[in-house]
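Here subunit A shows up in two complexes: once beside subunit B, once beside subunit C.
And now, the complex of A and B:
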């Protein structure tokens, strides 16, 4: 079968691409949405529709907020097995407080880590989270799910499948296969440059599908490659967990040496010490950045060993104008406010690492580049979808003749992962606007509506692809396109009805987070309608003209 | 010049550059100019002009942003421009004739 190299490559590309393509298209689509995760949060949580805020005063706003925090129930429950004796009802020793913000965040996410008495591993902490309004310090209701940054975004890299970290591994494998598919695809293609601009919509379905597959794959090739690769780099710690397995002693030694070199304490002193004004430290950090001609806002603020004699405060500059997330850290002794250390400029390796992770996580301010990322991600989706369709088109007549159902199953899975995924996403946004405000477990219901809608879409896809077994077009495509159009318009209308923020108002006020989400959904609705119309035209029986050019090509 | 203008100009240059690159290929030349085949000389000139346009676009990107960001912007704009040219060739090939206004009629 494998007479030559190219055929072998084609085999790898086809089968691995098909199998993990269904995962990859989910990763690409929700990755694209994650570019605007915070804007989707604004749409989904109307109370947070106000302008982005800088890091607020620690002494007045953050400290009281941190002091009223406690670890989450999940974190405490997860810790239960790793403690000798019972868990305390209240955790009194915070080890670490942190707050991270970007130029797109109106609300501020806080996290706090607490020491656990009698923990088998004393370094292990339990963690709490809170989101506050930085103008007042008031906590946001905990039940409000941040659909963009806490559901779509993690779906992109973990499929929200946390059992044994299975989701991370599946996505990691898919990214690896993506790299393989790109290389094998380039080898199969042969006329990479000569056909760079080639798309022939007028030719047969197979031909134009393959053109579109090649076009979207090749023009965005650097994007596809970089994102699959940097995605793997970001989670390298999960895929190669050497720091806490084979290299654990080295890791510990490194921590101690690091503490010696940086002068930052490695552990608590155990002696209480009151904290000096953190606001004064922040002002000093900003003064030093300005001196280096890098004036900027605070992106990340952390207190290590809270209220301890060894405590220190780290202030990092927001990487708004850089690819790197944050940088230029300055560390202060918490009890006196004296500068312990100013991070030296990053080494070449650190710079490369910052660039690779930063270009993927994109917390910078560059709206054009953000949209170009969405474009790249959607190109990936088109590439995958046309790949599935080509697979089906190439085989369905043969399978129909032989009475096999392979093409039909693949078509049903393609419907599920292409239009079905859109149906699920929109169902979640519609549910977000329809569920009562004070429903307990509201965020859970939103997630159920997402998965429930996806399951329904899948059932529909399998039921309504029967004609594929007779080498015809599946009605499921057209029906789900119509569903997408109706649901997108419904979501926009519901946003208007429940919040009063209709497009005319958000556009007039220039409130782009909500206007953008609405416009994106309306554009999607128009495209879905056009697609449904085209599919409707195709539904009428056409004289079956088998073109052999494609058969020969394949 | 405001950044938005510089970036728009960079995008336009990428579009033009990609258009010239496409026209340097015989298939697309014929799509735009009809039956007449383009000479080797023209193809070379088109490629040189394309390289110049794409390079100027990179310089404009570098003028606006930090080098790390500018390189990403440039690569992504190139991709978008290539797609736009491909779609134009698929549905409105004649539009690309604009890019040949000063090219020799041979």
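And now, the complex of A and C:
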């Protein structure tokens, strides 16, 4: 299409990278935060600031908790149209109970699925969930938003945009474009190896920006590639639902064969049967894992067909000791406790798949690797941000001369997605500490403050980038950097005031979830202040100094 | 800028070929891969997972190729036509197995 291959690839890199880059930077940033999602939950829900707990006794703690559960109003409301006749006031037939935890969770998440009488599709269930303190079984207040694991984390892969799963698709396209941008970026730069070690901060702004863009892109290239790629593979079923549409008949054929092979019941018998001790089943599962030299913590415990003669209990291992996301599930007959099936060792393909999935989802216990993930993700953010800035710097004088607004719009969007995103994140944490404890819909208000602050930051960005149209620096950058610094310090102070957990105390007690979040915000505040200072020093336009190489990028 | 040398329609068509044509092609490849490997005796889940992993690498390659290839009509023909052809083959294999 264009004069030559290299120019075509440069075009793809520039325009796809710019357009989807605004999505990618959100994905990278909230992905980085999600590495410590459980820790952010602790910061946001002070009642849960205690040590991580193992899976508690089913017989004593979990069973009574499950028995007192009911489906959520939303789930019942969503089901209403798919039932012949009225909905019952109380759901008496639980089909599935599940409890899930990780080595970083002090609280335990439970879910329960219930049969719906007269449902048009009898396999469709209504669902309830609850978070408990595993030490006592007491339920935590329902309306506490887990900001880390239920807001930042889903934001990372769905933008929290659930209408028609649109968020997933946008993120999916962005991830594909990330792969494309990495390949085209390498093609554009012939002297790749030399650029790996090149950073000239003293040169012209445009030159140093490009150096930093190349450096952060190339040094972390395997990281960026692996994360974009494994992210796509994890959601392959959403992006290419081949086996649930075109090949559904083949899938069903396989399901029937599979059910025969595993020997696990695939429906209720309809005959009630009391459950044997699940704790004894867990002990047996742990004994079997120990025989294979595997760490024995339970990650996921599920009961299928509760209190039915066909009921069975599945016990899965928390994979804290390896990268691959595995479960080594062992399944017991619920009424007797005899072992029905032990998951067979994975095939080669499954092992590769588990490795890739585990690499992305990191259930392993390795704190240094976790921090490397954070830095890798933030390096991706730097790569994207410098990409935007380079785009603006290269064009703003030309656009100013021609009276076009392209560079200004891109600069405003860059401000919105770089500093504006930080403003939104911090606004949410500040709101989390300021909103009254028993405010109805508290979690919703936290989300409104996030989106509201982001909209404000965007409005500010568009208003305060006017000088870019005259080829000057936008004041929005400096002003939002200052806002970030002030808000980060405010959040840390509010945490102190409202919970008494100031840094001296959390550091002395070695309570890293809260100390870590506080320190991370303070570090961010210092960086934002330094950036604001630097921006204050260079508020005048710089002389144009294009080298041949830079011109070649055009 | 090089893009000034091509018409707007051509550009939109290129982008659509890469994104949508690429999608059709990968869909067909994945369907054919799963059905074909299953027919050859691989377990269904293995075939599904293997094809899912390869799918995105194929997508990456055809996406880039859509912009690099000189003849746009050929790009559309191979991506959309090839994707449809592979999908039909996958359905035929499925039909034969059930």
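Quick notes
Just so it is clear, the second predicted complex is superposed on the first by the 534 of 554 C-alpha atoms of A that agree within 3 Å, B and C clash if a C-alpha of one lies under 4 Å from a C-alpha of the other, contacts with A are read in each partner's own complex, and residues count from 1 in each chain.
Keep in mind that, in the parts below, a residue touches a chain if its C-beta (ideal position, glycine included) is under 8 Å from a C-beta of that chain, and two chains touch if they have at least 3 such contacts.
Given the structure is predicted, the values throughout are model-derived calculations rather than measurements.
Partners subunit B and subunit C, once the complexes are superposed on subunit A, both fit on it without clashing.
By the touch criterion defined above, A:368 reaches subunit B but does not reach subunit C.
By the touch criterion stated above, A:243 is placed in contact with subunit C alone, subunit B being left untouched.
Contacts of A:322 after superposition: subunit B is touched, whereas subunit C is not reached.
A simple residue count on subunit A separates subunit B from subunit C, and the partner touching more is C.
Of the two partner chains, neither subunit B nor subunit C is touched by A:451.
Look at A:219: by the touch rule set out above, it reaches subunit B but stays clear of subunit C.
Once the two complexes are laid over each other on the shared chain, residue contacts for A:50 go to neither subunit B nor subunit C.
By the touch criterion defined above, A:376 lies against subunit B but remains apart from subunit C after alignment on the C-alpha atoms of chain A.
When the two structures are aligned on their common chain, the gap between the nearest CA atoms of subunit B and subunit C comes to 18 Å. On the side of subunit C, the complex with subunit A involves touching residues 1-3, 5-6, 10-11, 14, 19, 26-27, 30-31, 34-35, 38, 43-46, 48-53, 55-57, 59-60, 63-64, 67-68, 70, 72, 87, 90-91, 94, 97-98.
Against subunit C, in their complex, subunit A makes its touches with residues 1-3, 5, 7-12, 173, 176, 179-180, 183-184, 229, 232-233, 236-237, 240, 242-243, 246-247, 249-251, 253-254, 258, 347, 349-350, 352-353, 356, 554.
Listed in rising order, the residues of subunit A touching subunit B in the complex are 194, 196-201, 215-216, 219-220, 222-223, 321-323, 355, 359, 364, 366, 368-369, 372-373, 375-376, 379.
Within the complex formed with subunit A, the subunit B residues making contact are 7, 18, 21-22, 25, 27-28, 65-66, 68-69, 72-73, 75-77, 79-80, 82-83, 85-87, 89-91.
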